[in-house]
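Two complexes, one shared chain (chain A), two partners (chain B, chain C).
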Partner chain A sequence: MKYDLVVIGAGPAGMSAAIKAASHGATVAIVDENPAAGGKLLGQLYKEPKTGWWIGREVAKSLEEKVKRLGIDYFPENEVWAIFPQWKVLLNHGEELHTDYILLATGAAEKAIPVPGWTIPGVMSIGAAQVLNNFHRVNPGKRIAIIGIDALSLTVANELKLSGAQVIGIYLPPPDDFLDRISNPQQMIAYLSSLADAAPNHFLKFAGKVTQNEFIQKVSAAFYPYRGMKIWGIPLFLRKSILEIEGDKQAEQIKIAKISRDGLPEMESVKTIQVDCVCISGGLYPLSELASAAGCEFAYINELGGHIPLHSQEMETTQTGIFVAGNITGIEGAKIAMAQGELAGTVVSDRLGLLKSGTAIIKKAQARVEKARENALIKFQPDIEKGRELAVQFWDERT
Partner chain B sequence: MSDKIICRCEEVLLSEIVEAMKTGAQTEKELKLKTRAGMGICQGRTCRPLLEQIISFYTNKKIPQASNLTFSIPVRPLSLSALAHTGKDYKNEN
Partner chain C sequence: MRIKKHPILGKLEEKEINITFNGREFAALEGESIAAALLANHIRILSYTEKRQEPRGIYCGIGHCYECRVTVDGERSVRACITTVKDGMRIESQGESPK
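Moving on to the complex of A and B:
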């Protein structure tokens, strides 16, 4: 089958791009491996101070309805396993889609934190717990411990608690030579305080406020109580680590230890606590395997979450006709992903000759991405602006 | 500190990776060939960022701009029957 545009990934970025291009008259296909459209939107549920409830599931539904209304060919439960030159997109059920333009909107994957016992059933990523809990409405466990302190783990902890699970605590990862930032109390506190201004929900805001005072930040790594502090009834332990998860067929208990102010476990303090679920939150990284297989050039930008395909301000990669939008370009929120998708959909429409004053329309779409960034409430990466600048710089240096 | 799995698909331990680095492996690719870390069905989707951090820490070098661990087609696990059903020969495509 031949299309003007093939979009890979039915998250907010992919669907927004498909809708944009189809509304300008392009023939569009969209492929996603999941049974339901929406990508990571499906798990998102929180109250924003200005705009009220953000219910990802409903945002996804309204995008999906537009996709259907515009006659876009949607291939759910299909994995793209290869892209061959100029361009053929191969799906695991045998379809072969031909096109001049591809949009990779494959989103992000979760980073792991290796802990002894992390492969035991009952241990899962924080994103899996979020989808189970908020989308499938199943508590991932009755007594849940969380490893890793960041915007996502704090938010999901609150959601788990609201839905009736007991979150026994949010802990630091085990101290590890190569994981320095996320297992060091002092750096953790500095990070948490950076959340306060932008926090989308009261829970996050509270966590940030508690640690925001500069003086407190400096001394709190030393004096922060081992017993932790409670945020809305959930203990947050900045001085305790989960050293090990134990269980025979299923996670049954965790070993925790106090952490000295320079990040070393105090072995005489080790205690065992019963749990039936452990969630690991290690952050997100752009999922770009298809861009790599298609031969796109990459840059490593830590501030954006990892390796990203180099791309122009019009979202085109180093491979002609292959575009990117959403979290594959760096970890940011859903609204930014949507704006990036619309930009990519607009550029492809222009390339197809469907727009009258293309340049002006593209400029507007670019401005909307910037606007979405300014208004962004959650920052998933501390220095995202610097990361964005680097991405532009790497692209310019190349051309 | 107790040992832990880094690559889940191939069950490669941190100690095995550190050992391989001591005996000369310095890149993700070399580690993959030596220990099978990243060689499983997920092609390193889970362990790749960990391997990057481990290598960067032990070699004291920045994570490279382009990963030297390339993704190979198929980028997702694919059953032979699915491939056979297409009735196509992809060997000359790339």
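Moving on to the complex of A and C:
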């Protein structure tokens, strides 16, 4: 089959791009390995200060309805197995999609924190817990502990509690040289403070304000109470680590220890606590294998979450005709992904000769991405602006 | 484990269907994943590893870690986290449990 544009990934970026291009008259296909359209939107649920609850599954549903209304060919439960120049997209059920333009909107995946016991049933990634809880409406557990303190884990903790599960605490990962940023109490406090002004809901805002207290900042983790603090009834422990998860057939208990000023566990303080579920939050990284397979050039930008395909201000990679949008370009929120998708869909429409005053329309779409960034409430990556500048710089240096 | 009433998302209204897991019949809701349906019935162990017979369940939830592989209507290694339940579906865990 021949299409003007093949979009890989039916999340906020991919669907927005497909809708934009199709509304300009392009023939578009979308491929996604999930049975449900929406990607990371499916689990999202948080309260926004001005507009009320952001219910990701409803946003996904309205995008999916537009996709259907515009006659876009949607291939759910299909995986891309290969991309050949220039361009042929092969799917695992045998379809061959031919196109001049591909958009890779493959999103992100979670980094693991391999705490001893992390493979025991009942231990899962924070994202899996979020989708089970908010999309499938099944509590991942009744007594849940969370490892890893970040914007996502704080938000999900709140969502779990809201739906009736008990979150017994949010803890640091075990101290580890590779995990210093997220396992060291002092660094954790600095990170939480950086979240304060951009917090998505009152929950995060509170977490941020507490740590912004000058006294706590200055004397930092040394005096931070072991007992933690409660946020909306959920204990947040900035000086306790989960060292191990135990259970014969499923997660039954966790071993926790106090963390000393220099970031080491105090072994005489080890305690055992009963749980039936442990959620691990290690942060997100861009999912970019397909861009790599297609020969796109990459850069490692820590501030964006990992390796990203180099791309122009028009979202095109170093491979002519292959575009990117959403979390594959760096870890940011769904609204930014949607704006990036619309930009990519606009640029492709222009290349196809479907726009009259393309340059002006593209400029507007670029401005909307910037606007979405300015208005972003959640900052998943503390230095995202620096990361974006580096991405632009790497692209400019190359060309 | 099911969240029948949610303060923001409201009541669960999906239609009930039947599935079997290792020969036992369970209720599932239309549109949910195999992993979600089994968890709602308090089933966490989806497979056992080949060498050491260690239990495994849902980990990543997005089809990447392959820890939730089950056999569905005779087809091996279907990912429970990204496969939707269907009425009458026969699901079996993979691998052998330790003796």
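Some notes on this structure:
The rule is simple: the second predicted complex is superposed on the first by the 398 of 399 C-alpha atoms of A that agree within 3 Å, B and C clash if a C-alpha of one lies under 4 Å from a C-alpha of the other, contacts with A are read in each partner's own complex, and residues count from 1 in each chain.
The working rule: contacts are C-beta pairs under 8 Å (C-beta built on N, C-alpha and C of every residue); 3 or more make two chains touch, one makes a residue touch a chain.
It should be emphasised that the depicted structure is a prediction, and the values quoted were computed from it without experimental measurement.
Applying the stated contact rule after C-alpha superposition, one finds that A:Val80 touches chain B and leaves chain C untouched. Of the two partner chains placed around the shared chain by superposition, chain C is the only one that A:His136 touches, whereas chain B remains out of contact. Look at A:Thr119: by the touch rule set out above, it reaches both chain B and chain C.
Of the two partner chains, neither chain B nor chain C is touched by A:Val392.
Touch criterion met: A:Trp53 reaches chain C, while chain B stays clear of it. In the superposition on chain A, contact is made by A:His93 with chain B only, not with chain C. Once chain A of one complex is fitted onto chain A of the other, the partner contacts of A:Ala109 extend to both chain B and chain C.
By the touch criterion stated above, A:Leu290 is placed in contact with chain B alone, chain C being left untouched.
In the superposition on chain A, A:Lys249 makes contact with chain C only, not with chain B.
With the contact threshold set out at the top, residues 33, 109, 119 of chain A are in contact with chain B in one structure and with chain C in the other. By the touch criterion stated above, chain B contacts chain A in their complex at residues 1-6, 8, 14, 43, 45-47, 49-50, 52-54, 56-58, 62-67, 70-76, 78-79, 82, 85-86, 88, 90, 93-94. By the touch rule above, chain A contacts chain C in their complex via residues 33-36, 45, 53, 55, 77, 109-110, 119-125, 127-129, 131-134, 136-140, 142, 162-164, 249-250.
Residues of chain A touching chain B in their complex: 33, 79-82, 84-85, 88, 90, 92-94, 96, 109, 111-112, 114-119, 174, 176-179, 243-244, 285, 287, 289-290, 292-293, 297-300, 302, 306-307. Residues 1-4, 6-9, 12, 31-33, 35-36, 39-40, 44-46, 54-64, 67, 81-84 of chain C touch chain A in their complex.
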